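The structure appears below as structure tokens.
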């Protein structure tokens, strides 16, 4: 390629899309349909944005065959426009964290025995513990604290202020955002005879597979006696809490502020909404979907989509229904009794002569 | 003013209150009604504290006209005692973080091209990225990480350990508490054909208006293709999670651990309780109030107060009601059928001769 | 003791267990039943793991008298196996953070007037504010920020990236995990006449008793006019949020992501599950237990176990029940009316001659 950006022809060939339009037109960036200018590529999948598609000034749009008629610009036709767009966006917008040359910042502290690949970045005020291993092209952002013996795989990124406790192992191409804490002690307590709580030492670690993405302020506790395991390709949004001994299967996603209690095993390719809570020692079947706000109190054997909770209402109406919830069991029993009494009345009526 | 503290006469004049009592009495600090001594100013608005008002040893109390009779001390009478008290407390207790002289701590790292106003504080181990702009009298606390090209407005305060990612813009008089993360990547994923998740680069930023206060361990994600926007005067409590592309209108408040999913637009002057969850792509009308624990699954067009959830009960009772919730629809249908059957019985009875 | 590990005889004597088996066998570490080898000690309390007990290759197992028959190895018999195991595990696995010699790392910043006990550890890039006091054998981990005048008691541990704001007091043997923030401003606001929010200065501090354990990314806000108080022996899991003025009684435990709003007083020895929310200005009786996901909107006077919430269901079923919740009050009134109408029909029938 020459000149700024990439030609549509090149994008079509490289990302497996079918081009409608001039293959020599160049795009330099991606943008939303309504904000895209003549140097930008947009995408369309959400029918609610059809108006924005029709009015876009983008150079080209990634979309499905069926939406071609509504596109006033060139189009890259694909069966999965979001995936094609994600790949093109990654190519047009390379990671800004790695713009500078690699190396260890002079203010970083590297303890004895740590091995840092020469192609890795260790930024200002980072601390690399004794015996830690930082892989090729890994990026350890400012003020990260990497404990003793930690392993960080190739091409992984810890944005800033991430703490990884001793002995945890992080795979390749993993991304962890600021404020997250990997490998703090699990909440392991034994009740003593006088009712006080004794700490049970947490002797496992955390193992994070390849291609995992972890948001900001996420906590993943180390295991008590074995490891907490995050499978490859798992994506965890901000503020997620994963307790000790939890195992999360590959390619499962979990949205913001969800929490999983200790020793629960979540299968592969689950899709877990935001603010979901899952009790400990459960098993969640692979492929399970959980709506936002779901509270999971028992294992799920059959994949499917599950939910719990009550609807939002104006507070005066809600309060009346809310109060009635306390009588729900009584109501059910009243209904059952009514059914019997009405049936008796009906039987009685049938026994009577019709009419007069 | 001379001597320690401020006279009541001066406070009355400066903060627009009407004084009952000696204008020459001095107060040096604010305190709670029950803890205040003769150098302290207290305030009274909560009727449950009327006993504490009657017994206070404070030099003076800020209160409403109607409560004057219960006040054994001098009084500063105001229509909005809490607001007057807040202003006086701010005046009597200046920000301790700015007690020392401004300047850049020798252990701070300032990357090339960053511009730091000479009246600003940059504390120990802070990192200021290339091209960042730190405004007059801004305070960048210990171990904060300020990304490339970030702008921090005049008089803003980042207490400690705050991360602001590249390109985010923070207004004037903004306060951000420790552990908060501004501008991490949003949770933007595209599902690939094989079920794996592809990252969609997050190319927007975060824009935070003037006079915003952000608690500890808050996360506000950068937008995907446009900015995430926090309007002026917004107040976010600890652990709040704001996803990508969200827009929060001016002067909206949100209590601890609440979360807003991607692309939702919240109007101005909303009051959102703690532990509230709001799904993505919704619109919340200006002035909406949401009770603590509300789960919002659809847009709110009419301002008002909304809630969801069920009441707390002793667990044995709760479990019976909880189980019945699964049959709520069946119960409703049974009631409907009963209504018909009873109506039929009643009609039948009417058709019969009265009495014997 | 000599040689690696400790003899079973020594453990039995030191930790008050009764030994079944060879007192000269040595164990070097603890492990789970299924993973333990011949140098390891395991424990058994959960009946679901009886199969693992029967198949264990551990050198010895801590268990109850009643389970002795199922144990193929030596046994340390105790009435409270979990507590005995916790104590032995602590003895066999000493704190790895204190493995090196104490002292202040050269990159740490110690402000004037701070007093650091010579037996304490202050790790890389930590910041110790003016006048702070760090007690004997305390461990201040990498990148911790300790504010002005803070007191940290003997043998306390701040793992890494912990911020403690000015004036907060932390007892002895306290453990705080990474990313936690102690003493940020409470969410104290007064509504001004124009609807804007004014900050009320937060002038109290946080007081944390002895033997408290605090997880990762926990926030405990400083009091408004008095202190927020965490009683001795309290255990708070990750992401817990404690608002200003809250008082938590001794030996209360609170699991992950739970939150307590301002000024609530929680009694001693409560057990609070995960994702629990407690409104402000409430009183929770000592010994209260709250199930995970409970939402507490009123004070609890009688200790007991409480819960709230609805069950998880397949989404199609849930949606029907969810929608009916809006009519719960109407349903209750319909049932009441039906009861009256059916009673009237029954009375009517009784007034009739039987049969024909």
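So that you can tell them apart, the chains are marked A, B and C in the order they are listed, and the count of residues begins at 1 in each.
As a working rule, a residue touches a chain if its C-beta (ideal position, glycine included) is under 8 Å from a C-beta of that chain, and two chains touch if they have at least 3 such contacts.
For clarity, every value in this text was computed on a predicted model and none was experimentally measured.
Comparing the residue numbers each copy contributes, chain B and chain C share less than half of them at their mutual interface. When chain A is laid over chain C using CA atoms, the rotation angle comes to 120 degrees (nearest 5).
Chain B and chain C have Cα centroids separated by 25 Å.
Chain contacts: chain C has residues 107, 125, 143, 161, 179, 217, 239, 257, 309-311, 313, 323, 325, 327-328, 331, 335, 338, 342, 345 touching two or more partner chains. Contact residues of chain C toward chain B in the complex are 107, 109, 125, 127, 143, 145, 147-148, 161, 163, 165-166, 179-181, 184-185, 187, 189-193, 195-201, 203, 217, 219, 221, 225-226, 239, 241, 243, 257, 259, 261, 277, 279, 289, 291, 294-298, 300, 304-311, 313, 317, 320-321, 323-325, 327-328, 331, 334-335, 338, 341-342, 345, 348, 351-353. Across the complex, chain A is touched by residues 29-32, 35, 79-80, 82-83, 85-87, 89-90, 93, 96, 105, 107, 123-125, 141-143, 159-161, 175, 177-179, 211, 213, 215-217, 233, 235, 237-239, 251, 253, 255-257, 269, 274-275, 292-293, 309-315, 318-319, 322-323, 325-329, 331-332, 335, 338-339, 342, 345-346, 349, 355-356 of chain C.
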